[in-house]
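The structures considered in this document are given below.
Two complexes come next, and they have one chain in common, chain A, joined by chain B in the first and chain C in the second.
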Partner chain A sequence: MASGVKPRVKAPKKAEAGEVVTIKTLISHKMESGQRKDKEGNIIPRSIINRFTCDFNGKNVIDVTLEPAISTNPYFEFEATIPEAGELKFTWYDDDGSVYDEAKNVAIG
Partner chain B sequence: MDFTRRETLALGAGAAALTVLPFRVHAAADEAIAAFTGGADVADGGVTLTAPEIAENGNTVPISVDAEGAVSILVLASGNPTPGVATFNFGELAGSQMASTRIRLAGTQDVVAVAKMADGSFAKASSTVKVTIGGCGG
Partner chain C sequence: MKFKAMTAIAALAVSAPALLLADADDDTLIVNGEIEMITKAPAPEHLSGVLDEIVSGWHMRSDETQVMQADDFDNPGMIYTEQALDDWNAVNGTKGKSCASCHGDVEESMKGVRAVYPKWNDSKEKVYTMEMQINDCLTDGMGADAWKKSGAQMAAMEALISVQSRGMPMNVAIDGPAEATWEWGKELYYTRTGQLDLSCASCHEENYGNHIRSDHLSQGQTNGFPVYRLKNAKLTTVHGRFKGCVRDTRAETYSPGSDEFVALELYVASRGNGLSVEGPSVRN
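The block that comes next holds the complex of A and B.
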């Protein structure tokens, strides 16, 4: 279990109907690549977030597959269309089976 | 500086190993592209890959991909121990086919983006990034 995992999301609280908004996400995670060795020369086992998704009212915005080459504290910036008021749902899937999620409400107006 | 016969041989063997290694790494990247495209032709252009020319720290290199009309974009680092970086799949509410992230690069190399378009065609772009300090640790 990776410790100290904290998702952060920056999304607008309000948007016009049909507006395209920019969303920024960051999750603190060490993203151990499985390539590094410890002092005794043993390989440190891989422990990364392998998938990130963003949905709005159940409809998919982006679905990212992550490999070990993604930096520590994976950061993503992308754009979403907001057709109506609703909830943006962000989900991160860890190698160890943990799932971290975060939600943001977006109002129209 | 004088080399003994033994040292000269060792140097030669080292140089030979060096020339073989990058070739194998590129083959891995090509295989990853073939797995993504299913062997289809990949055209140049139609996808934009933004990466810095020089990255001081290979641990966190900001990149951004943009391909209008793409369904998904595969990003590869051809010189990393494993070439895969990320695959972005765009859903129906994606505002644009654009995404930015930060990646690790083991050393100076080409970063490649392959986009799968809605009509089933593929487009490719690559960018060389010079890395001062590698990002894969020892």
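The block that comes next holds the complex of A and C.
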């Protein structure tokens, strides 16, 4: 697992039924592109987050493929419709096989 | 100032969109909807006849960049404060102490610290920057190795300490024992260096608000340091920035942590007395 990886999510705790809410996510990750060389001239192997997903009560909200040109600490802001109370589940997939999770509950009212 | 007047007239003549107007904008910065920042203030007394108003570099940035600083979740610099908090609580060195062993809760003990640094250190009999103080704590207080001057770990710790003073006006002391260092810093500020023969004042006093190539020149205030720079996606310290500026005049630079940069940091900080501490700010 890459070092210093920490997912962060900002989502509302409450929403009206059917409301469209804004969700912000950020994961600290160095997103090593695989294009750089170290001091000895050897290529530093690629190590990026290659996929990010968000599900609401098991239903997919967004599914993103990330490429090496995406900068360090990738940040996503997107909207989701909240039809009922439930759980937003966020998942980041690392090149090295690690999976990072975060979940937020949204209440109706 | 002649230049700026010309720019303004030219812009009016062709009725260019607001985007092309070079001067500082009139936006206000409120962080997290709570902390109201003083981003424009009357110039401190020692600048009378030189500047009327001091302006944070925040005003020189695009709306998109400005907005990033208004919310801690959007401010990428805040990631580093979390990392520094781990360092703050980590036991390090032969004496088995962490920063917290002596200083307790960073939110309490470091409040207001950033606003008064660099400042005179009585026992060492010289002007101390936050970096010097942090390294003294590490070596003498904790029996640990000093951190690299202006390195990533140092910048993060400076960010953590700065956050505790956000919104408070910069207020470095320039009289008393610090005066000689301040005078030296002033001399360095007005000394032209490099093949391009530029002093700090050439850009940041005589031409702020104008563009140097595509870059919108600020007054070079240090109230926002350490800054998260979008161009290199990490925190930059005051001395790191000084080094970049001097290098850009095509001169051989002083080193981060050198006596010259300490003096210059004190002088430049004093030019911002009255502006809110913003660190970690977001710039391009």
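Criterion: the second predicted complex is superposed on the first by the 109 of 109 C-alpha atoms of A that agree within 3 Å, B and C clash if a C-alpha of one lies under 4 Å from a C-alpha of the other, contacts with A are read in each partner's own complex, and residues count from 1 in each chain.
We take it that contacts are C-beta pairs under 8 Å (C-beta built on N, C-alpha and C of every residue); 3 or more make two chains touch, one makes a residue touch a chain.
This one's a predicted model, so the numbers in the text were calculated from it and none came from an experiment.
S.K.: When the two structures are overlaid on chain A, which partner does A:97 contact: first (chain B), second (chain C), both, or neither?
M.R.: neither
S.K.: Once the shared chain is lined up, is A:109 touching chain B (first), chain C (second), both, or neither of them?
M.R.: A:109: touches no partner chain.
S.K.: Taking the superposition on A as described, I'd like to know which of chain B and chain C A:28 touches: first, second, both or neither.
M.R.: second
S.K.: Can A:56 be said to touch chain B (first), chain C (second), both, or neither?
M.R.: After superposing on A, A:56 lies in contact with chain B but is clear of chain C.
S.K.: Go through the superposed model and pick first if A:41 touches only chain B, second if only chain C, both, or neither.
M.R.: neither
S.K.: For A:67, select first, second, both or neither according to whether it touches chain B, chain C, the two together, or no partner.
M.R.: first
S.K.: Looking at the overlay, what does A:10 touch: chain B (first), chain C (second), both, or neither?
M.R.: The answer is second: A:10 touches chain C but not chain B.
S.K.: Hey, is it chain B or chain C that touches more of chain A?
M.R.: So, of the two partners, B touches more residues of chain A.
S.K.: State which residues of chain A lie in both footprints, the one left by chain B and the one left by chain C.
M.R.: 71-72, 75
S.K.: Could you list, by residue number, the parts of chain C that touch chain A in their complex?
M.R.: Residues 73-74, 76, 79, 82-83, 233 of chain C touch chain A in their complex.
S.K.: Flag every residue of chain A that touches chain B in the complex, lowest number first.
M.R.: Touching chain B from chain A are residues 20-22, 33, 35-37, 55-56, 59-72, 74-83.
S.K.: Would you tell me which residues of chain A are touching chain C in their complex?
M.R.: Residue positions touching the partner: 4, 6, 8, 10, 24, 26, 28, 71-73, 75.
S.K.: Over in the complex, which chain B residues touch chain A? Could you list them?
M.R.: Against chain A, the touching part of chain B is residues 59-61, 64, 77, 80-82, 84-96, 98-105, 135-138.
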